[in-house]
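Chain lettering (A, B, C and D) follows the sequence in which the chains are written, and residue indices restart at 1 in each chain.
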Amino acid sequence: MRAAGIEAGYGRVQVLWGAGLDVREKESVVLLGANGAGKTTLLKVVVGLLPAWKGAVRLEPDDVTAWRTDKRVRRGMAYMSEIGVFPGLSIDENLRVGGQFIEKTALKRRMEELYAYFPDIAHRRGALAGSLSGGQRKMLGIAKALASSPRLLVMDEPSAGLSPLFVGQVIEVLSRFRESGLAMLIAEQNIAFLDLADRVFTLDGGRIRFEGSVAELEADDSLHRTYFGLA
Amino acid sequence: MPDTGAEARAKLVRRVILDTSIAAVVVIGMGVARGVYSNELMLFNFVMFLALAQGLNIIYGFTGYLPFGYVGFYGAGAYGFSLVVMHLHASALVGMAAAAVAALVLAVILLPLLRLSGAYFAIASMAAAQAVYEVVANPDLENITKGPYGVSLSDVFAPAFSYYIALAILAFTLLLVVWLRNSRFGMSLQAIRDDSVSAAMAGVSVVRGRTIAWLLSALVAGLVGGVFAWHISVFYPDTAFDLNISIFATVFLLFGGATTLCGPLLGVFILYGIYNVIGIAVPQYFEFTYGALIVLLVLFLPNGLVSLLTNRGIRVP
Amino acid sequence: MWRRRGWRAFARHDDEGILDDQGTLHDDTNMLTGAIIAGVVFGLYYTLVGLGLNLVFGVMRIVNLAHGDFLMLGGIAAWFLFTSLGLHPLVSAGLVVVVFVLIGLPIYYLVVPRLLRSRDSEMLSLILFFGVSQMIEAVTTIGLGSTERSLPPRLLGVGPVILFGTRLPKAWIFSAIASAVAVLLVYLYLYRTRLGTLTRAVMVSRDEALATGIDVNFVSAVAFGISLALAGVAGVFAPFILGSITPNMGVAINITAFAVIVVGTLGNPLGTLLGGIIYGVSLMLMQTYLSSWANLLPNLLLIAVLLVRPEGIFGRKVRRA
Amino acid sequence: MKSKALALGLLCAVAAAGSANAQPAAPAAITIGTLYASSGPYASISMPVFDAFKLWVDQTNAAGGVEVKAFGKKIPIKLVAYDDQSSTATAATLYNQLITQDHVDLLVADSGSVLTSVGVPIAKEHKQFLFDVSGTGAAFFTKDNPYIALMSDPVSTIWPHYISDFLADQGVKEGVKTVAILYSTNDFTGTQAAALKGFFERDGKVKIVYYQGVPTTTSNYTVLINNIAALNPDAVLELGYVGNDIAFLRNLQDSGEKFRFVFSIYAGTEKEEIEKNVGISAMNGIYSYVPASDYEYKPDVGMDQKAFHAAWDKKYPPGSGVAFGANAIYGYMTGLVVQQTLATTKSLDQMAIHDAVFGLSGKLKTLDGTFELRDDGAQIGEVTPLGQLQPEGKDKLKLVAVYPPDLANGKAIIGK
């Protein structure tokens, strides 16, 4: 997946000024940025929830810039928003909605696989997602996004609203999927997620400031101060 | 105005002068029109709708609440006027005071509706107006309201005098809008409309602001309803609570563009003008065109005619 | 009402020397139970009237102020099919469902996606559909004139059906059954089909549905079509329940339909069932004990529910501050 | 700017006064202004009146115009008609329009009390005589207002007395002891109900066991009928508009309840319209008023009922929308009064027209009976006998006048 020269915004307010990034096959990329830097906006352009004013998004081998989200999802992209689940639907239904494009028996198989990954939610399949705790909800969100067996999982702040303990659990689960060969694009401000990163992009004021490995990021003094604090 | 510089103040003064002169031209124009055009009732209806559209502007334009049942205050005013004149044999001006009081009392009773948002508020206010109508028109209350049998107020019938009182109400309403557009209070109302949470944090009293706008808006409708009762002198409850009155005022307001002074005026002059010219001859075709116009308006020009200019950054009074 | 032998029956038929088992005992308790039973059956019809409106609100968060006019069109269609082709209303009902779903799709794509992009779509939808309602009313009046139209009562059978001792028109039973079937079908659609699950997902959160890659427009368009079909079916029964249909009946229907769906929880189509029954029973009780105030009822119910329990019975936050 | 406008206004006023003062030669046309409601709740009573009035205008013009005594010759009629769509607000503006802009010679009101109401003060204010077709509201007729006369339809308080007379007279003989009155809460039916209640209480022969008003928008009567049945009344009087009567009669049939005497206003007065909507079996045996559309008065002026019905069917073929009924008679009847007024009035001055209209009182006999006015303008001459819908052949119903005896052409059948 490659996005280049993206300019986008809401109404008249421009948020992105020529941002671009790429995620290669089976690669895990973390997009680091403070609140308001434009992370969510960039992800929305990537998955097709927001039109790009300028620039292009490619999901090799296609130019998907003009595609709607549902078409991109069919093509192997999945998006997990900050909310991530439908609180008014049951766990089972959430997964089925996530895997809506998959053929019936394949979906059933896929759901069993996912329940095996997430035993916490597996034994409450009929319960409403709204009744789950924050951590469980996040797990369900991931499971729902993965229900369509995507090649690329795009996540917006999986740590939002979670206690450090649950953040650890989320990272652990994601790392397992990373090992299984899933490509990931994670927008975060929590540096704990850098453990998952093959590469890092940082976004500031609607522009990409840095691109490179975690080690290179840590080597850069000013960036290091911005994201790791003075500690 | 947060800016206290001399230049800003001069700018404000210029704006107020411009707004006020527009208001004055409209009021004087409608006064003069009565001398040259003899269908007084049509002119009176224009004055009524000019005032009602602006009254609605006060609540919708500045707070974002759109009461579909705005006609409830109008009806309350009409009956406030009629009850005092019928039972106490009061003079018409006392009746007008009663009209104002009746509308304000109803507005206070309905204050809790302001807790509802958007469409719920619109629908609930419509139900409230219907409920008041059902009470007023109930034959069990015939001794008080004359029930469904209608009111006759021939004792105070004074078409000329009541026309000028209607003009005075229009002037009052227009000045209210001018004030809201240019005062600190009006600005804070708009801030609440756009973002009630931040406005509250910025120290603007959300509840107080909305309440005042609601009462002012009701007051205007009540006064218009009162002067309507006076001017027409014979009417039935379904005339005073005709939902079309709300709907017309709403369409005029939206067509012209809320929050501005000129928008609602344009809306009334253009649409009600067309209505009176064409609508009278071929009402069904007109009703259809009117409906289509509304649909197109909402889809392509949701902020009204004036947004053609404001979208280009031009300030419309 | 109980119909059995009683002392009053004797008194009544005494001078004719006839006593049959049509002898009647009426008392206050029977008026009460009669009103409640009639109210439930009548309420089922109003469930049908409100069901589609609520579905659209639930899925799109817009208020279709032309719902009553689509209902009227359904009635006109049934009238037309009967007078020109002699079609039975139950057959017409099936045709109306198909045609109205098909009409609903283009109307949806023409109007709603654009509407939903605006700043305050919930509010603007009220106004927009008011315009649509005006257009429908005008076209119908131009085409057909404004007099009352209805279908012969015999089509659904004349004479009463006795239900728990209360006499009810046959037509009421038919429309109550039609309504129950409609509710059941909507339930099956929402809870037993893939598209239905997606529809509920859109109802829960339109944004999340978009993010999940659901084709929200298609799901909504289908819901819109179903909603019109439900209105149309309700319209087919309208001549039997409301006596007759006129081009301008839509507004009154709308107000009642609002009351029904607000009472039964906005945005929850199945809650409409409860709303309809509450409305029906209260209306019949009002007619029994305070008849001239009966019209006050839907309005008061609506306001009371919005203020006291705005989230309805199944809950959703609607208050602003 | 203001003074200029004022001067202009003055000029206009002077011009208007001038033209009014100088007695002009015969005008090219007599302008008659009227309103009608093509949509809304009053369309069903307004359109037949308007169509019938148009029929009269066309007929008159085809004959070379209307005879105007003041000019001693026939002058064609120019009809100016606006659609008020059942809205009183619109109607008020339009009455004003007709008087002040179109300067009509004669002003004819829309049908029904509600749409007439707003015209009454406007006509009075502008000293324009109002031909009130069927606005029977008692408040319209006051001694201090000479600018109104009711053409057809006696005032609501007179209309229903044959019902109570019949029940007190023949009904009681057959054992009718109790009556239930169910009315729609509007001016027209509300005043009739109140009048009936007064008559029954005054006579003291039949007891009212149920007296309830329901909103005019009521569209189903099942529970109301059940409740009435619970009280076992011998007679049931339902007073409503067309839509109410349709719903009531359908629900009554569906409920299977039988009462010995059932009355509904429109079952007879708009028989064809009701028949279309409820079918014959639901109307069999129902009592109603007998309008002139079902009763043959011998007219001195204009067509009789049969000829008029034929002319109507020719111009408005059955099924074309507006059904023949009492309101059609009212519209034609109004035309006849206008015709006779112009044939006798000294001038087109509005007070002269008042004198001419009142001069016809008691003398004019049309297909609607005798035209007679009280001195305040209310109609008291045209009575409406009580009738009953009785089978005629296999699938037809005939409205038979059964009371008072001098007008009766059949015998009432009171149920057992």
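Some points to look at:
In the analysis below, a residue touches a chain if its C-beta (ideal position, glycine included) is under 8 Å from a C-beta of that chain, and two chains touch if they have at least 3 such contacts.
Predicted model, so just to flag it, every value in this text is computed and none were measured.
When the C-beta contacts at B-D and at C-D are tallied, the pair with the greater total is C-D. Among the other chains, A has the CA centre that is most remote from the centre of chain D. With centres computed from Cα atoms alone, the innermost chain of the structure is C. Once the centre of each chain is set as its mean CA position, chain C and chain D turn out to be 36 Å apart. The distance from the centre of chain A to the centre of chain D, with each centre set as the mean of the Cα atoms, comes to 75 Å.
One finds 33 Å separating the Cα centroids of chain B and chain C. In chain C, the positions touching at least two other chains are 137, 141, 292, 295.
Contact with two or more other chains is made by no residue of chain A. Multi-chain contact residues of chain D, defined as those touching 2 or more other chains: 38-39, 185, 213, 215.
Chain contacts here follow an irregular pattern that is not a line, a ring, a star or a complete set. Of all possible chain pairs, the ones that touch are A-C, B-C, B-D, C-D.
Against chain D, in their complex, chain B makes its touches with residues 28, 32, 35-36, 38-42, 45, 134, 137-140, 147-150, 152, 154, 157, 159, 232-236, 238-239, 242, 244-245, 276, 280-281, 283-284, 287.
Remark: chain A residues 47, 49, 68-70, 72-74, 78-81, 83-89, 93, 96-98, 100-101, 144-145, 148 touch chain C in the complex. Across the interface of their complex, chain A is touched by residues 194, 197-198, 200-201, 203-205, 207-215 of chain C.
Within the complex formed with chain C, the chain B residues making contact are 64, 66, 68, 112-124, 126-128, 130-131, 134-135, 138-140, 196, 206-207, 243, 247, 250-251, 254, 284-285, 287-288, 290-295, 297-299, 302. For chain D in complex with chain C, the residues that touch the partner chain are 38-41, 43-44, 47, 175, 185, 212-215, 217-220, 222-224, 226-227, 229-232, 242-243, 246-248, 250-251, 253-257, 273, 276-279, 281-282, 321-323, 416.
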